[in-house]
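Naming follows writing order (A, B, C, D, E and F), and every chain is counted from residue 1.
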């Protein structure tokens, strides 16, 4: 490969560029189409989902794998309650 | 007397070559950039430290029996470390912005022009005496334009292992320099009015869509471009662990333990390719120049595609978000946000730029797949 | 033109065989069961994903140079991954219920009848044309009746690596189906009065007893059945880390980092044995049928032994807890609790069922040891 | 092994079943005996242990390896205090 | 009948040798010391358990195909496990006390006299019939006097793998015995007035100094003693991760996940060198005697150097802190504090002893480097 | 090596001791010098640093690697607030 004249290498490179960009664009354009179709299908046939949950990307599914997450969630809940108590008292 | 001589000959000073000395300085320089300038410290600090370790005279830490050499053989030659990092990236990435507006994938595609232009550039550099890049070298260098560390390391370890050190250093350095490289190009290619365009809020994305997305992406990759399947596979596995909501333990493990441990080992192992003979060459200079070139071209192509999308949609798209298509998550998206705010203090583009930003990750993994499929080392 | 042909020939569609297509669907099916039906998601999601990855045409991810193939060689062929999972299981398991009422070990022994009955069943299936199970194949299939994932994977990797994929899928699927498989059998074999038996509260167990238990178990295993020592050794080490109270750091590591990371890698690596040639065979059908058979027999034998114990102790033992002897921790114990509550809303059998439940883990590890000692692959 | 007639295989299987179940039962019955003896020995010669501690299976030994657990315990304690404050105030 | 014989011959009892029985008791003894006496439980519990596992007859767990044998080959023969532990130690260690008062490094140097005196002692033991230590054996044994576990394991795995088990057991046992071994020596060598000396408070150390320290130490090691570079390199990398403040993720990973997981595996793997043939020898007895000797000599040398420093500085240094120079972090520093408090209830020497204590870690790593450089196995 | 008479071995050992202790002492004494120079250089040319920060060895750099630490810090802050609320209310 090292002995190939630079001109030939550049031709190879142009080929690679054409094919490469072609594949990248084709791939991502097909993905666009798939995503559009998927979203429509989900909107039509998917389960109704409470909006509040769907907004937060990392919303944990209730009941699933509760071991470590649950504790943390409870800590947050406890803190939230404590903070509310604090705020309300100060507001009062 | 003889013994004193033996002792002296077992010191580092007595055996230090100028190449090693220079590379020790390069290592210190990378650590300085990591700590004082916050240049991608998670990678550049271990890489810089690895550079120091494997340039200590006599110690052979980067050699086949040395610790870093062994870590390289186990983790990088096999491709396992960059793939595990991609698993973690998948588990850390929220693709909602992309699912809500799939058209931004086109911006992620356009920015990969930087990769292929750099490939041509690397080959053209052979016209300059002292450079001698093969097609596989050129492809490995070009992937710097993908602005994605693990992808660059994965491809370079396959196509041009000897250049891996310089490529990794260039990729992470330029990713850290995104806030300096991108804004002038973005401003030069857009009008004030374009930069001020306010985009519509993104629709909420349902959990089911977020679960189906990684599966769709993986199956498309399996059907069209199997060569990209290792990278896309690990990215989508990580994302499915995250979004499925039923394996939080595993998702957290991918986001923390796995990515942290692998990052330390990966950085050190890259250092084993930063020996003087491999790094202190004109090739490295070429790689650094081509890397800057790659980032600039990728940014420009993304912004230009952003302008086309802006026209086609009747100015519903702010062309600045095209610059985020190079990847460099989340730095590039933050830069877009900042440049956007300069025009209009209430125009927050961050969420809009996240779409092309994560599209850029997919785009460069696809480009890497093409290069693996068509270029044999 | 030629180049376009080359490109087409490097796509997945052009190379997809019907076996691969089917296995991609099997992979998607396993992921569906894991996410939508919560079938043992921690294992079935990675296994399903692994099945997809290693059936992508051309990519060779499950082959000897592919990521999953390499993980298989390092982690499963050596037996290290299932043993590390067992370490975590030991660190997560509280044996107090067993120590407080050692007689429940007999229930854990009885439920292993499922293993040996299935062994006979697998051999008998050779009478049906199309089946050709050797003794070691039959032993590996039979261990599904042990209802314990790591034990099944450990044994199958030793006795019948080609069947490992189907065996792991069957084992985890049926463990997820325990709430459906067990209750009818439990109800059929017990009277209403038996199901209503209220058991005495368990006595508290001292810390010293909990520390001595893993050591006693290990030494007994060393003296009687060295072939089971790797499994029992890791289980008891994990439990000793937990109960000793002086190495909390290590105990937490076994319960979290180690088990999480290994679970991801183990699941993926099992996928590398889910290629079309190995999975889409009549043998797999046989394995699935035999697996259901094994669970049913094991449950029945446990309940019948429960009835015997109930008679012998003057109705102090609720025979339902015998069903928990199959292992499937903690699912089987929960099922016992649920069936018990159907008769008597105040009769909580959960803690009482934990004894036979963890006894089942020991019992199937012992059974695996016997099979390793007496069957040569 | 594959050429063995099924009948012979089934005989082998029966042997294996007999021996296997025998070993499993023997092993676990001996373990029963050992556990009964162990519990008696501990009850007679073991150190007196406060019951409260022995009830909780995961009771940490005081002073041992405190590093990460301690911080968490303190967080929980803090939250508990905060929650009590909140509850008491609401009750009042 | 024949089958019953086969079965009996596959039990452990039928194959137990007296060596294995003794080693099972040694394993139980180590676990007893770890749990009941809190003798370095993080290491001695896994080591003791490993001793049991690899002395189970027939199981071959410590052999080349057994789990512990494989872990040994991957982690200890390569030196990777002790180096990763050193990474964690670096990330856990605060060198501020040393930076604030660098002169305490001399105390850390003096305490290494224990290493070299023990080396002579081990060679002299060859005069006693039954002992036959080569120079590399003697060097590996001597490093026990360094009072630093990972350094001892690293050196022993290089110079005398067969003695590794006994050396590791001796090193960790004596580190646990520091509160018993050191105080009498400290009291014998100092006067009441010396023990009562109150030291000046340490100056605050800036962040920049704490960042530069590991780099300076590494570069000095690279220039003078490359043979110590693996150990010093990992120690300083861990410390730089900690002090740089820009890679908290990685620092936490080194302090927790990495060190915990490696500790479990390292302990078990050491057990694979605790087979009867290797451990139940007169050599082991010699190693245990020499180990105690090494600790005592090291303590004494540190205290005597402390007395010299005390004189030279006009009684500004309490000579007790010299005892902390052996390493055994942080146990030795705590012992110094306790002995100091006996004289003066308000004289807290803990922070002052931390300087020589961490200096001792560096000192023994340097000594290990010298031994690696000059002794060939 | 094993056949070497013990006397020769002991001589080797003495050599090793001499060289070894020499290297250890030289190494650490040079390190003392370097550290003294470094501290002076930092004191003279280094950036002024708030003392409070330099006292705490593990003071995190603000803005660096915020992902996991930040959440925890916020939890602590929340708890602190809650506790303050609790204390103040009790004091009142």
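Keep in mind that, in the parts below, contacts are C-beta pairs under 8 Å (C-beta built on N, C-alpha and C of every residue); 3 or more make two chains touch, one makes a residue touch a chain.
All values reported here derive from a predicted model rather than from experimental measurement.
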| item | value |
| --- | --- |
| Separation of chain E from chain B in steps, with touching chains one step apart | 1 |
| Distance-maximising chain from chain C - centres being C-alpha averages | F |
| Between chain D and chain E, centroid-to-centroid distance (C-alpha), Å | 33 |
| Chain centre separation in whole Å, for chain E relative to chain A (CA means) | 48 |
| Between chain A and chain B, centroid-to-centroid distance (C-alpha), Å | 19 |
| Multi-partner residues of chain B (at least 2 other chains) | 7, 38, 41-42, 221, 224-225, 245-247, 249, 252, 256-257, 374 |
| Multi-partner residues of chain D (at least 2 other chains) | 19, 23, 64-65, 68, 75, 79, 82, 85, 89 |
| In the complex with chain C, residue positions of chain D that touch it | 1-2, 4, 6, 9-10, 12-14, 16-17, 19-21, 23-32, 34-36, 38-39, 42, 46-47, 49, 51, 53-55, 57-61, 64-65, 67-69 |
| Touch list for chain B against partner chain C, complex | 78-80, 83, 87, 211, 215, 218-219, 221-227, 229-230, 233-234, 237, 240-241, 244-247, 249-250, 252-254, 257-258, 373-374 |
| Footprint of chain F on chain E - complex, ascending | 94, 96, 98-99, 102-103, 105-106, 108-109, 112-113, 115-117, 119-120, 123-124, 126-127, 132, 134-136, 138-139, 204-210, 212-213, 216-217, 220-221, 224-225, 242-243, 245-249, 252, 359, 362-363, 366-367, 370-371, 374-375 |
| Contact set on chain C toward chain B in their complex | 7, 10-13, 15-16, 24, 28, 31, 34-35, 38, 41-42, 45-46, 49, 52-53, 56-59, 61, 66-67, 70-71, 256-257, 260-261, 263-264, 268 |
